[in-house]
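Below, subunit A partners subunit B and then partners subunit C, in two separate complexes.
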Partner chain A sequence: MLTNLEEHDAIVRAPDVIASVRDLKIHFRGKRGMVHAVDGISFDIRDGETLGLVGETGCGKSVTARAFLRLVQTPPGVYAGGSITFRPRRVCDDCSGVGCRECDGTGRVAAHCPACGGKGCRTCGGTGEETVDLLSIPDAQMRALRGNRIAMIFQDPGKALNPGLTVRDQISEVFLQHRTAEILAAAGVSPNDVLLRRQASQKSRAFEKMLLAVPPLRSGRNRVDAALDTMVADALAQTQIPNPRKVMDRYPHELSGGMRQRVMIAQALACNPDLLIADEPTTALDVTVQARILELIRELQQRHKTAVLYISHDLSLVRRVCDRVMVMYAGRVAETATSQQLFRRPTHPYTRGLLGALPGRGAHRGRLAAIDGTVPELVDPPAACRFVGRCPDEVAACSRTDPPMVEIEPEHAAACFVHAPPGKAAATRPVRTP
Partner chain B sequence: MVDASLSRPPVRRAPVETAARVRLRRTLELTGRVLSDPTTVIGLVIIILMLAMALLAPVITTPNVPDPYQMPRDWGAVRMPPLTEGHLLGTTNNGGDVLYGVIWGARTSLYLSLLVVSITVVVGTIIGSIAGFLGGRFDNVLMRIVDVFLSIPELIFALAIAAVLGPSFANIVLALAVTFWVKYARIMRAQIIRVKQNDYVDAARVIGDSKLRIYFKDILPNSITPVMVQATMDMGHVVLVGATLAFIGLSEAGIAEWGVLVSEGQAGISSGRWWASTFPGLMVFLWALAFNLVGDGLRDALDPRTEGR
Partner chain C sequence: MQIRDYILRRLMVLPLLIIGTSIIVFVLTRVGGSPIGIYLSHEMGPEQVQQIRERFHLDDPLPVQYFYWAQGVLSGDFGWSGVSAAPVTAVFPSKLAATMELAIASGIVAVVLGIWMGTVAGARRNKWPDHVIRVVSIAGASLPLFWFAIVLLIVFWVHLGWFPIGRSDPVIFDSIAHPTGFYTIDALIALSPRAFWDAIWHLILPAIALGYGATAIVARMMRSSLVEELQEDYVEAARAKGLPERLVLKRHARRNALIPTVTVIGLTFGFLLQGTVVAEIIFRWPGLGRWMADAVLRGDQATIMAYVMFASILFLFVNLVVDVVYAYLDRRVVLGE
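On to the complex of A and B.
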């Protein structure tokens, strides 16, 4: 009884959906059997929205996010089923990515389906827009999307930057990978200049580099370098780094945590991606910096209308940042709702437990509320609700069948029998306020 | 009217450092850190003297014709003690000039260590990289081969190979190269497996880098340091083992090599002719010591974990 799966399923019939996950299963081969880290989850990400992915450690949220970029290591990981459909955009021709009326200020426009050239066919479901299954496209195509259409910010910027390269080198990498034509255009070099084109796409071999160091050719290389520097400085300036030209020559260890995260963000947003995956981007930062980085992500996201998949275990943070929230528990989706709905009316007992555990302003002193028990082992789990044993509202059906996602109100669904028993659409119990 | 003194003073910008400058400054910093340790400086000085001796050998001595690497024989002055006219460090039983052997021995040792170390570093790095980076079956097969090599003591293994190939200096080089690469393969593999797990490798994949590019940009530069340190130390170790093999007689007789010279002089030690063995022996000792000191200093300077001790 999945909510209107057929209706939602076709990404093509919902034009504002840019990525759609259907029945995604990612397992890990363990010593004692298959660990079902992600076990059949489905959700959509709409264009320009921030979707929060919330859950405790080990519930599969990072694995889900990494699957978008095919970063899950195989082996031990196994993509056991399902699909991630993605609709990559391309850079707007009218404004070359700056943002104009044509592209609604985003700098991105829909890409034509390669099968029919935009007329509409079976592959694109008649919309004429390119859609790809991220789990099945060839590696080369995946690499072209990474960093270009889908980018990612990591949890610890201290570890996610190469300690041996300057900030300039790390950010220019993205441009060299995906923006060769733009670099050449900015440098005023003909795109037919083979030597410089190879230089601007990092394909130069050692002897070509030597050739480019010879005086008549050197001026061209210097122009390419200067254009690249400008692009890098612009990317850094976007993240409100003071004096970007100076920061460019710094190594990561010379920067503070907040600055490093800004560099990461600059790198991620350098190519104006359609989808940004933020894997707990503020966990490693201290609280004051956290707030600034959050504001920055929010601001850049709104300016470019980038969709963001925001992974966090901090509910109060998610409430501030996200439009919609998806709560995961033990590899399954427990509840999806808009932020407001979720906090006003949490429905799944797990969500309510989580919210109940938040110490609020009005909470009286004493022990903090907690959910009893521990997360179940995910080795070959039985067909039952994953929350069985910890759930305060358990019924007999819970340990026999998997509760399907049931719509409680528009945009709000939970996988639970108790509050939305089959046949009754609305929740039946008053909801505790957090 | 606005008072001029109240308006903001002109902002003075710090001059922007260019990338080349930054690189130079950092190189100087690292050099400074290496040189701050007196033992490293001692090692460096010895190495520089040795190198100068090796490179200037044809200038400070008259090269023996036709083969300068062959000891010149002065049959009119055998078993002369040091400070004899024309033979500053004395002569051997066969009239070989000890000073000539010491100086040209430095050249032989330099050849030996450079050849062996460069071959083994390249081979070891490639094999270790394949094992560490690709992992899985490659890793298993390659590391079992390495295990086989490591299970035989280094000296005995080299001795066996050199003995099978026959006594010659080239065979010593070959024997040492065959035995020494395994260490580098081990170190490299361990480093790569450690570095591979860093987030920045994932981050590089996320921006769309190819595997090869990730290897050369992110993995190799961040894992090569211990190999460099080991290589420095092996520059000394190779000469030590090489001299041992030569001493046992696995190189051509009469060659200007420290181990050969020690072996030539050892018969005379009991009769009081200490010089023919002592000077070349001392050279081997100094050579190995110097490279060990510098290797240690390099490790301390490069390894962030030992920083600040």
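On to the complex of A and C.
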């Protein structure tokens, strides 16, 4: 699967990294030229961690998030370079996903490298585990990962749920798409029953549905439906929705915002994904509900040891929820650090500006509005620090070349000529995972 | 409100609307001229004319005349159709069946073809299928029906001879019974494949001619609402779940795109009924439209009134059905508001 071994050695060597982005570039064809929405970013997501992604509006957070699911619309988007390597897991054989000692309670175990079947070969760098490049695998393989190994929670659950389908219909789809074998097993149906297998993978055409509605075949269909209902109810119960069986029959507009987001979460976590992408999951909710939803995500994340890419405007939330934080500015990474480091010792002037905008320091409600100026035009940007023009500490070098990511202390790196000068640190200690 | 209660309430208002319509139409036709011409002949003298005036209450004030007309209608008497030389009620059912068969056939063409074309065009926006469909539907929406009908007639009947005109082959018509007046259904009841194909064969040209404009309207509406739905977040969320594009389109986007389209389909049915007049005249289809056209030309007011009453009741009914279907498709619609 792995195409260019040298570029991906980070993920291959580090067994705790589950996704690894290298020099990712996503551009949009605009009227006035190429918009470099994401312009060469690199970072890793480690197994089970919550990585926060912050930055002002328009700096490329959502585009980065969508790239993991390869959902950036092309056109107008262009995947202009780089890679996202991902190490998908599979359901644990010993506990079939419930969680046991073999799988450390996660219900997931490493998937074997298809080239060597787990023995270790050149393709997998000797680890025996499957690694895929999300930007180059075929569409069918990508679809098999979406909603299954990588899931997404959207900002506004009122818009991201289909108004015309019940909660049951919408959550069932995830199981039907990715858990056909389990549905059939739970229904006590032989996997060789073609008609029911097609039903349990939503492949049935109109005439098959009609066939399944007549008496001798109907009982099988009803068993499949009942098994599916149980799975949907269990998924909903996980998110502490009271009375899941009743909620299942509701349409999204009949639920409150908080309930809808719980439904979204239930849907996203239905298949116990390895990576959950949460793009501002609480921004559209009432303040009172926000905290509860956040706790819920945190709790489920810890129980299943799911890795989370948590996107937010709100630095105070990020501080509470995330293990590590990555600050993005104008399509570039400005700084990466553990949460503690970032708040204790912010290095990049942009990060400092953001922190200055935190509540209690004269700005409104954690929004990142206190830095003067706006994100620059991303149309065909020149080689220079993107923060030039807004930066208080600017020097001549800033407008000549891009500042490289430089490690300041372990786990903490920034891209700034003044505050993370490339000379010293980088020369003596090569940058590990930024 | 429950859908059932809503339907009941709408049905209760229906009679008032119908009475109102009948008054307006009655007054308008009478204002247009006296209906007496249809009953006269050259041999009649002044006394006989006066007799007829009295027999049909033509000298009474308009409200009284309306009262007599309404009384007749309530007892099942719509008057004498001059153009058919028979009571209106005796001729009406077979004409109605002819028109409905044509309107339904073109309605099916419009709905099936229109939704299909709109879906393909919307899903492949700005690709070649979209461009082809756009040209086809712009033509459909802008070509006048009579022109398109005559072109079809000249090409497929006069030159190629592939399709017949009229409603059926007389020999085949006589070979089976006609309990419903819908020739396709009659043929099915009689289990006669020959009669069935004959009925379909005669339907094709007029149904295409009549349905083309409606197809274009449905297709354009479907395309634009599908394009809009495809931009919605829930479509991306459906993709993020791993659904194949086929299901994203069918189960998610198309379903919601159908909601505004259904409204258009309802309006289109009124449009189709209007068109039957032209289509029936050109293709010699013995339906209500042609009957009505004859009646207008000859001042046959009993026939005109019968036709207008039918058309308005049908229109009200179609509107009701559209509202109910709309409410069913879109659970967010609160009925009665």
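A few remarks follow.
Simple rule for what comes next: the second predicted complex is superposed on the first by the 405 of 434 C-alpha atoms of A that agree within 3 Å, B and C clash if a C-alpha of one lies under 4 Å from a C-alpha of the other, contacts with A are read in each partner's own complex, and residues count from 1 in each chain.
What we mean here is this: contacts are C-beta pairs under 8 Å (C-beta built on N, C-alpha and C of every residue); 3 or more make two chains touch, one makes a residue touch a chain.
Just so it is clear, the model here is predicted, and its values are computed rather than measured.
Once the two complexes are overlaid through subunit A, subunit B and subunit C clash, as defined at the top of the document. Legend: residue contacts after superposition of the two complexes on their common chain; A:M152 is shown touching both subunit B and subunit C.
By the touch criterion stated above, A:K246 is placed in contact with subunit B alone, subunit C being left untouched. By the touch criterion defined above, A:L355 reaches neither subunit B nor subunit C. By the touch criterion defined above, A:L317 lies against neither subunit B nor subunit C after alignment on the C-alpha atoms of chain A. Annotation for subunit A, partner touching more residues between subunit B and subunit C: B. Of the two partner chains placed by the overlay, only subunit B lies in contact with A:R168; subunit C stays clear of it.
Within subunit A, the residues touched by subunit B in the first complex and by subunit C in the second are 69, 71, 143-148, 151-152, 154, 156, 159-165, 173-174, 177-178, 202, 264, 267.
Residues of subunit A that touch subunit B in their complex: 69, 71, 143-148, 151-152, 154-156, 159-166, 168, 173-174, 177-178, 202, 245-246, 248-250, 264, 267-268.
For subunit C in complex with subunit A, the residues that touch the partner chain are 232-234, 236-244, 247, 251-252, 255-256, 259, 329-332. On the side of subunit A, the complex with subunit C involves touching residues 69, 71, 143-148, 151-152, 154, 156, 159-165, 173-174, 177-178, 202, 251, 253, 264, 267.
Those residues of subunit B that touch subunit A in the shared complex are 14, 16-19, 22, 198-200, 202-210, 213, 217-218, 221-222.
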